[in-house]
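Next come the structures, one after another.
Paired with chain B in one complex and with chain C in the other, chain A is shared by the two complexes that follow.
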Partner chain A sequence: MDFIFEWFRTLYSETGVNLPFIYDEYDRKRMAEGLLTTIWLSLICLFFSVIIGVIGAWLQGSSLKWTRRIVNGYIQLFRNTPPLVQLYFFYFAIGTLLPRVENDWGGTSPMLGSFAWAAISLSFFAGAFNVEIFRSGIEAVPKSTVEAAEALGFSRLQIYRDITLPLAFRVVIPAMNNNLVNLVKTTTLAYAIAVPEMLYEANQIWSDNVNVTEMMIFLLLAYFVLVGVLVAGMNKWERAMKIPGFG
Partner chain B sequence: MTWSATSDPMVSIKNVYKSFGSLDVLNGVTLDVMKGDVICIIGPSGSGKSTLIRCINALNDIQSGSILVEGLEVNDPNLDKLELRKKVGMVFQQYNLFPHKTALQNIMMAPVRVLKQNKKTSEAAALELLKKVRLEGKENAYPGELSGGQQQRVAIARSLAMQPDVILFDEVTAALDPETVGEVLQTIKELAEDGMTCILVTHEMAFAREVADHIYFTDRGIIVEHGPPETFFKDAKDPRTREFLSQIL
Partner chain C sequence: MKFKILKTIAVTALISSVSVTAGIADILDTIKERGTLIVGVKADYKPYGFLDSSGTVIGLEPDLAQDVADKLGVAIEYVPVVSSNRMQFLEQGKIDLMIATMTDKPDRRKVVQIVDPNYYSSGTNVLALKSLGLKDWNDLNGKPVCGIQGAFYNKATSQNYGAEIVAFKGTAEAYSALKAGNCAAFVYDDSAIVAKTNDPAWSDYEMPLATIDDAPWGLAVGLGEDNFAALMSEMITGWHKSGRILELEKKWGVTNTPFAKEMHDKYK
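After this line comes the complex of A and B, so read on.
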């Protein structure tokens, strides 16, 4: 490995192209942690936003008027406000209302850290879109198929779990992919509340090394690859879920 | 349960009224179906045939009247729908198979999920049913890989897997190619011969004549005329019945 690091050091001294996150151990560690934080935050938000979408779409079909109203209110609130404002709202408004807890150094710190707030905020943000996406999928499931399940004695929950949801999923995969791709890109907003994700760490590195151009190019490519991997995975999944003669 | 004696009808429909908004669909229908009976309901489009049989398993509710299925009152707000649907099977015009499940899974699903049967037992029973509807070897085919007639036979097997006491057939051959109609009718005929109680809405007059114990002719939400097929087709008395038969035969 050393000769690679050496090569990048020489590249810097010969051409001025400075990539310290490759040759410098400290910056390398920062960048790796940033990347892992971004991936971890993305995975958590992907998971919970899909859960919120599935449950929200189920509640939207409820016979109780107020349940439907609450779900619709949630969707409107999170769809019609900027995700950065939501993030600030959770972190600064709700975060400061929560009690503080004692930390390891004898002081006090907020109950939930910036990472937790970013995960909560972004899950709700993407979840609102997922509810609408799943609803469109559920509406695409033929009523007659649901009726057949009813006639066989399935309960409403069994129909949702065994019939409606699996069929709706297949319909919504492309729309959901778009939303999840946007979600991964939106994790960069967590930078604003100092979550040490990739953009934040890159900022640290360019502040120390004054290599803004290189870091910007790197960030662009890094997100391109990251989202590319996600899209490839989703496409593979979409193909695996295909059923003959449907959709 | 009040239903016990064999002389009681299995399905007893009394004075049933049903409307969709301002549209009256059933205007006082009364009919009884005895155990082992095969009855065919015929009539012009929009005469309420399909609505009538959809009311029997509570897919549609009724405004007034009574529908008793083995003593179970369907027009009861506290009706246990699961209990009703264990007794009543249904086969639809558009088959309505679950497209993401194989033929075998389609048949097994309700016994496993609804009756909580063990998987092995249901699988063996499902394979047996596939054989009964002459679809051995198709257990792993998805509905999209089967012809209309094959799908409809899977749908019949799926209904049979719940071991219902009566099966409702809602124009089950209306969406099929002419050459596959025969295979589905053959399957139904075998069921009828096995003693299954069947209520069919159909446009297949020759078939109705062959399998039915009793024919009901509906028009504008009432039963205009009914009788055993021999007399019904030969000497219908009501002019509406005669007109309908003259157009269709």
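After this line comes the complex of A and C, so read on.
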């Protein structure tokens, strides 16, 4: 391994192409941690945003007026505000209003840190879109299918879980893919509240080494590969879920 | 419509080619022709460059920039910059001159033309709650420490003293994160921290550690702008000679720094 690192160090001194996140041990470690943070944050947000979408779409069809109103209010609030503003709002406004806890350096700090707020905020942001996406899928399920299930004595939850949702899911996958791809890219905004993800670490590295061009190219490729993996996975899943004769 | 777009593209191309040739010509001529000197300064770094209540950029460095504009006999325009974009702004020609609390480093001299002699100097210290009782830099080990994205001492603070750096875009965010208790301390330039500890709203906070990395600040012009650099070099020497820096420190409520005094004695 050291041989490769040295090669990149020579590359810098010979050609001026500076990639310290390969040859410098400290920069390498923080870039790797940045990548892991991005992946971890993305996975958490992907999971919770889909859960929010599924539950939200179900509650939207509720017979209770106020449940529907609250869900719609949530969608309007999170869909109509920029995600960066939401992050700042959660971290700097809500974060300081919450009860404080003792920390291990002898002071008190807010209950939730920047990573937790980023996960919460981005999940709700993408979740708001997912609710609408799932609603479109549910509305695509023929009314006659639902009526047939009702005639067979299925409850509302059973119809949603066993009839509507599985069919709707297949309809919404392309639209959901779009939203989830966007979500992964939106995780870069978390650097504004100091979540040490890839953009944050790259920014620090290019400030220390003045190698903006190299870092920009690396970042672009890194996200291209990261999102590519997600899209490939989702496409595979979409094919696996395919029902002959439907959709 | 299509024709209009084409026209716009053609005009844009023409303008950019003109500005490229202007870049090859002397920047001093460009500034005089334009009638304005565009200077990149900090807008979040009290008292060196910050916004007053009406949103105008003021401070010690804008005052220095004003001196340059007066000397050239042109108007002045301030462009607020931050640590992570200031050199790029100068490289791209968005600003003519950068006086933005930048530490003079060899690798930065490869990207922009830093003018000798240095006009100012500062070191690194932390702002922390008095109740934490920090004594030594090693006390920061394992603690979250707020910082500014792009500051060169972030790496040193975490590498040498084991602090976990939590870096924000601007000082406003870092100060509010420190107040909220998201970090144990805020690592920053001692010159700015001194000003903060004099602020009654920050009376519970102190600058407890020994200043490290005392390093000179450099103002910079674009690479290859030798005439402008020569003029600026003359200006800086003049500032040191006349005691202008000491005078401005007094004006903005900074205790006269050893560096400014030393330079004044040297050039007097």
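Keep this in mind: the second predicted complex is superposed on the first by the 247 of 247 C-alpha atoms of A that agree within 3 Å, B and C clash if a C-alpha of one lies under 4 Å from a C-alpha of the other, contacts with A are read in each partner's own complex, and residues count from 1 in each chain.
Assume contacts are C-beta pairs under 8 Å (C-beta built on N, C-alpha and C of every residue); 3 or more make two chains touch, one makes a residue touch a chain.
Predicted model only: the values in this text are computed from it and were never measured.
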> Sharing chain A, do chain B and chain C clash or fit in the superposition?
Replying inline: fit
>> For A:F154 in the superposed arrangement: first (chain B), second (chain C), both or neither?
In response: first
> Using only C-alpha centres after the superposition, what angle do chain B and chain C make about chain A, to the nearest 10 degrees?
Replying inline: 160
>> Contacts for A:R9 in the overlay, against chain B (first) and chain C (second): which applies, first, second, both or neither?
In response: neither
> After lining up the shared chain so the two structures overlap, which partner does A:R68 touch, if you call chain B first and chain C second: first, second, both or neither?
Replying inline: neither
>> Tell me the contact category for A:P166 with respect to chain B and chain C: first, second, both or neither.
In response: first
> First (chain B), second (chain C), both or neither: which does A:F246 touch?
Replying inline: first
>> Going by the contact rule set out at the top, does A:R28 touch chain B (first), chain C (second), both, or neither?
In response: neither
> Measuring by CA atoms in the overlay, how small does the chain B-chain C distance get, in Å?
Replying inline: 49
>> Under the definition above, what is the set of chain A residues touching chain C in their complex?
In response: 26, 92, 95-96, 100, 103, 105-110, 113-114, 191-194, 200, 203-204, 206-210, 212
> Where on chain A does chain B make contact in their complex?
Replying inline: 142, 144-145, 147-155, 158, 162-163, 166-167, 170, 243-246
>> Show me the residue ranges of chain B that touch chain A in the complex, using the header's touch definition.
In response: 57, 59, 81-82, 85-86, 88-90, 92, 94, 96-100, 109-110, 113-115, 142-145, 155, 158-159, 162
> Which positions of chain C touch chain A when the two form their complex?
Replying inline: 83-84, 87-88, 107-108, 110-111, 129, 131-132, 143, 146, 149-152, 154-155, 159, 165-169, 173, 176-177, 180-182, 184
